[in-house]
C-alpha cells in the first residue's frame, strides 16, 4: 500500500481512495442484512481503506487545510458505517443499541421536542450558569489576586470544594433552587467556578517581572496595570478555562436534571426515554448535546484566535 | 528552624484557617434562613403561634422575613432532622458516627465482625477507591497510548483529535446507567463497569496533556538526536518521554479526580455500595447529613489521591534531577 | 552648574536570600551630571542591574543616600522622571508598535492629539516610521529594541536608564544601534545611564565609564573618556580608543578573579 | 593531500514559506580541508545556520552538490561523521552532566566500559572533571556550554559543527572559552566549522573566515588567516589581527545593505 | 444447580422480600437453583438488562413491560406475586384538593423512567392536560425522595403506600394534613412487580422448567415473608449491601407489602390484566399502548408451579 501511494503521489492516491471508500461503504451497507458475516468483513476492509485514505490525506502537503477538514469526517464515517452494519448484521436489539439510521430518523422526526429541550437545558440552564459562574470567578480572581492572604486561604479551600462530586451536590442544589432551570444553573455555577478561578488567577499572575517593573517605572496604578497588562496577559488562560468549563457546563446542566426537573430538558429526555427504552431518542439527545458542545467549543476557539491573536500558540 | 516553621504557619496555614472559619460562620448563619420554613412548620405542629399562621402562606414568604418575624421559634434550626442545610456540627457528627463509631462499636464494625461495616463510610470509600484506581489506570494508559499515536502518526492526529474533544461533550455521566447495562450484555459488571466510566472520564486529560508533553521538546533537541541519527524508539525513550513527565503528572492529577467522579457516578445505578450508593441513599431517604458526609469523604479522597500523585511526582522529578 | 542628576553616597544594598545575605552593592559613590552618558560595565553579578534598579526605585537601598533630580528615587519615579529600557524589548504582544509606545502616555494621561504627535515623533527618531500598525512579533529583534527605546523616549523624562538594551542583538546591528543612540543622545541632550557587558560598546558610547566588580558589588574605577562627542564608528580603531579599552579590560580582570 | 572534509559546489537552498520562497543559500562554493578551523560570519539571516544544517543533513539543498568526508551529507549523518554544537547548550535537564555526555554514546551503542572512559576523558578535556554527577542547572552557563561541547566530542567524529556556541555568554567568559576551544582544537586535530556573529571571535579562532551576505545567502569573501596557530588572547591587539578584523568588517558592511 | 439471575427494579428493600427470603431460607436451593438477585437503582431499566442478556428474569410494572413489548422487546409476564397496586398520589390538604378535578393548575411530582404511564393514563381519563397552565397540571420529574412535597415545591407527589408515604409521616406530617389518592381506589390501578422473561426463552423447555421452580420457590418465600414480616425485614436488611436501609423502615415496609401480595398465589388474574390494559389503552390522544397486547402473559409457568 505504502509503496503504491509513494508511486502515485499523495494527491492522486487521496483521489483514488475516496471513491473506493464510498463504494465499499455502500457494499457493506447493502450486505448488512443479507449476509452478516460477509458484511462485517466488508466493514473491516472499509475501515482499512478509510485508514489509508486518511493516511494519504495526512501526507497531502499541497492542501493541509483540506486534510484537516476531511480527515475527521472520514473517521466519523468509518465509525458510523461500521456501527450501522454491525448492529444490523448481528441483529443487536435496538433497545440496546439502535443503528445510526434509526437515530437519524428519530432526530429529524422530533426536532420540536429536541429544540425545546435544547432551549431548556443549554440556553437557560447551562448558559446562564456558565455566564454567572465565569463572571463570579473573574470577580473573585481579581480579589484573590489583589489580596495575597485571600489567595493563600481561598485557593486550597476552593481546591477541596472543587473535588465535591456533582452527583452529590446536584440533589442538594435541586432541593435548594427548585426543579426548573435555576437549579441547573446553580449546579453549573458550582462546576465552572473553580476551574475558571484557577485559570484566571494563574493568568493574572502570568506576567514577567520585567513587565510589572515597566508598569512601576510609569508609576501606573493598580487598575491601570490590571487593564493594560494583566487582563490581556491572562486571556490565553481565560480561554483555557472557558473551554474546559464549557463542557463541564453542558454536562452539569444535563446531569442535574436527573435529580428533578420539569418535563422538558435534555437530561429529562435522556432519563425518560431510557425508561421507555427509546434508545433512539436517547442517542438523538446525545447528538444534540455533542453538537451544542462542539459549537460552543468552536465559537470559543474562534473567539480565542481573534482575541489572543498575539499569543505564540495562535500565530501562524 | 522554628522561625521558619512559624513563618510557614503564617503564610500557609493561617489564611486557610481564616477562610475555613469564615465559611463555617457563614454556614452556621445560613442554616437559619435555609431551614426556617421547616422549623416553623414543626413549631406550628407543636402548638406555637407562627406568623403567618399557615404553611401555604409561608411558602411564598421570604426566608429572611420569616426569620425576623419569628425569631423566638428558631432554636431548633441547628438540630433539624431532615434539614435542607444541616449545620456543620450535624455533618461532623454524622461523619464521626459513620466512620469511627460504626467501626468500633457497631455490630457490623471491624472490631466486632472483623470486616468493615457496610454502614460505614470507610467501607464505601474503599469500594469507590477500588473502581477509581482501576479506572484511572486503564484510562491513563489509554490516554498515553492515544497521545503516542497522535504524536507519531499524522493521520491519527488529524482524524482522532477532533473526536476526542467531541467525546468530552457527551454527557457520559448521564449515560452511565445505559453503559452499565450495555456492559452487562457483554458480560462485564460490577467493578469493571464502574471502572469503564472512570476510564472514559480520565483518558481525555491524560491524552491532551501527553500530546502537549510529547511535543514539548523543541526543534533543537530533536535535531540533536537527528545528528546522532537516532531512531524513533530512541527519540521516544530518551527525549520525548522524559520531557513529557511534568505534563504527565499535571494531567494525572486531573485524571484521578475525574476518575473518582466516574466511579461515584457508576455507583448510582448499581446499588451495591460505594460513596455513590451512599449519596443516593441519603437523597432517597432525605438524610441530607448523609449526603454531606459522603460528599466530604469523596472530597477528602480526591484531595488525598491528588496529593499522592503529587508526592510521586515530586519523587520522580527529584530522581530526574529537577531543580528543587 | 546645576544639581547632579544622580547622586549616590555610600549606597549599599543587600538581598536577604535563603542562602544568607547577598551584598549586591556596597558603599557605592557616584555623581552623574546632566547630559552625561555613563556606562556601567562589570562581570555578571556585580550589581549593575541592581544599581540601575535602585535609581529607578525598583529596589530599595539598605543604607546610604540616593537622589535623582534632587528628589528621593521613589519621588522621582512617581514624578515620572526617567524612562527605563530593559535588556529584552518587552513589548506587549497584544499592542501594535504604536500602541506600545502609547502605553506610558495613556497611563500618564496625555491628551489624544498630543499622544498622536509624540508617537509619530519618536517613531521617526528611531527610524520606525511606517511600522506603527505592525505587531511586535512582525519586527526583527533590532527593530523591537528600537521600539522599546522609543517607548522610553515618548514621554518627557530627561533621564534614560538602559539595562543592556542591545545584549541580545548581533554585532552588526548593535554597531548600527550604537551609532543611532549616540546621535539621539546628541539631539535630545538627555542624561543616559547605560549597562553593558561589551568593552567596545562602553568605550564607544560613554563620556564616563564605571567599572564594577562583584562580591560585594562595588565601583573599582571611573574613567572619564577623552574621546570627542562626535564619534564615527572607525574611532574604535584609534589608539586612544584602544588605550581606554585596555584600561577598562584591566579593571575588569582585576575585579574578575575566579568567576567563569 | 587527502579528500576535503566538506566540499560544496553551486549549493542552493530555498525555503518555501507562506510569503513565497526564501533563498537561504545561493550558489555556494566552499572547500574545507582536514584540520581547518573555518568560521562563518555574516549578518542575521544570511544563511550561516542553514549552511551548517545542510552539512549536517538537517536541511536538504535544493540544488548543487555537497559532500562530507567524500559521502553525501545524509550518509555522513548516518555514519555519525560529525558532532554538532547548538547555540544553546540544550542539555537534557533530567540527565546529569555525565548522562548528557553519555546520550550519544548510548544511542550509538557503545559498550559500558568504553562509555565510562570516554565520558571521563571528555570531561577532563573541557575541564569539567568532578561535575559528572551534577545536573545542568547546578552549573553556570559557560560550564553548560562546555558540557555540550564535551557531548559532541565524546564519540569518534573528526568534524565538529558549532553554531554560535558562545552567543549567549558574556564577553569575559567567552574569551576564556575561546582560548580553551583553540587549545582543544590543537590537541584533537579535529576539523571545526564555527558560526559566529563576533568579528574578534572569528578572527581569533579561525584559519579560514567565510564572510556571508543575505538575500540571497551567499559567500562574499573567504579570508585565509595569516595568524600563527598558537594564539594568546593578546594577539587581538596586534596590527595583523586588527587588519584582518578590518577586512572582515568591510566585507560585512558591503553585504549588509539595508538590513537591521 | 441452574443459574437464575433476577433483576430487581429498585434498590434492595422489603418490596422484594419474597426473593430474599427464598434465597436465605434455601427455597431456591431446594429447587436446585442458584439464584443471583441483582439490585436495581435509579435509571436501570430492567427490560434493557433482560434484552442485553444481563438477567434471566426481571421484576417490572406491567405498563412499562407492555410498553417495552410494543417497542419490540417481547417480554412475557410469567407470574404476578403482587395482587394490588401500592401507588398513590399524596397531596397537602391545605391546597384545597379534594378530587382529581382539583388537580388543575396544581404542580404534581411524578416518577418517570417507565413509571409515568399509570399517571398519564389516569390524567387522560380525567381529561386533564399534563402540559401545565390553569386547565392542566404542571408535572415535575420527581427525584427519589419526598422533599418536593415537604418543601412545597409540589402540591402532590407520587408515593408508594409502603415507602414514600411512610417517609412523609416520618418527617412529622400527620395524616390529617394530607389527602391521598390510591390508584387502586380511583379505578386506574395497574399491575406492579410482576415477574417477566423474554418470550424467545420460553420456547426452551429447560428454561421453562427452571422458571417453574423459580416461581414456586419465590412464592414460597413470599408467603413466608407475609407470615413473618419481622424476620423477613431482617433478611432484607442483611442483604442490603449499601447499608442505607434501617430496621424500622423495613419492618413497616414489609407490613405494607404484605397487604399488596395478599391474595396472590403468584398466578395472574386475567381480570386484573384486562383492567390494566383497559386503563392503558384509555390514554386518550396519547395512549401508552395502542393495541391489546397478544401473548403478553402466560399461565403455563404458574400452573406448573402451583401443582
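So that you can tell them apart, the chains are marked A, B, C, D and E in the order they are listed, and the count of residues begins at 1 in each.
Keep this in mind: a contact is a pair of C-beta atoms (placed from the backbone, for glycine too) under 8 Å apart; a residue touches a chain by one contact, two chains touch by 3 or more.
Composition by chain, UniProt nomenclature: A, B = Putative aliphatic sulfonates transport permease protein SsuC; C, D = Taurine import ATP-binding protein TauB.
Given the structure is predicted, the values throughout are model-derived calculations rather than measurements.
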| item | value |
| --- | --- |
| Fewest hops from chain D to chain E - one hop per pair of touching chains | 2 |
| Least hop count linking chain C to chain E through chains in contact | 2 |
| Fitted rotation between chain C and its twin chain D in degrees, CA, nearest 5 | 175 |
| Chain whose mean Cα position lies farthest from chain D | E |
| Chain-chain pair with the highest tally of contacting C-beta pairs | A-B |
| Inter-chain centre distance, chain B versus chain E - centres from mean C-alpha coordinates, in Å | 34 |
| Separation of mean Cα positions, chain B and chain A [Å, integer] | 21 |
| Geometric centre distance via CA averages, chain D-chain B, whole Å | 55 |
| Distance from chain D to chain C - Cα centre to Cα centre, in angstrom | 33 |
| Where chain B touches two or more other chains at once, by residue number | 84, 177-178, 181-182, 185, 268, 283 |
| Residues of chain C touching at least two other chains | none |
| Multi-partner residues of chain E (each touching 2 or more other chains) | 42-43, 45, 48, 51-52, 143-144, 147, 151 |
| Touching pairs - complete list by chain label | A-B, A-C, A-E, B-D, B-E, C-D |
| Touch list for chain A against partner chain B, complex | 51, 54-55, 57-59, 67-68, 71-72, 74-76, 96-97, 149-154, 156-157, 159-161, 163-169, 171-172, 175-176, 247, 250-251, 254-255, 258-259, 266-267, 270-271, 274, 279, 282, 286, 289-290, 292-294, 297 |
| List of chain B residues in touch with chain E within their complex | 37-38, 41-42, 45, 54-56, 59, 81-82, 84, 108, 117-120, 123-124, 176-178, 180-182, 184-185, 189, 268-273, 277-278, 280-286 |
| Contact footprint of chain A on chain C as seen in their complex | 53, 56-58, 77-78, 80, 82-84, 86, 88, 90, 92-94, 103-104, 106-108, 135, 137 |
| Residues of chain E that touch chain A when the two form their complex | 42-43, 45, 47-48, 51-52, 64, 67-68, 71-73, 112-116, 130, 138-144, 147-148, 151, 153 |
| In the complex with chain C, residue positions of chain D that touch it | 43-44, 140, 142-143, 170-173, 176, 197-199, 237, 242, 246, 252, 256, 259-260 |
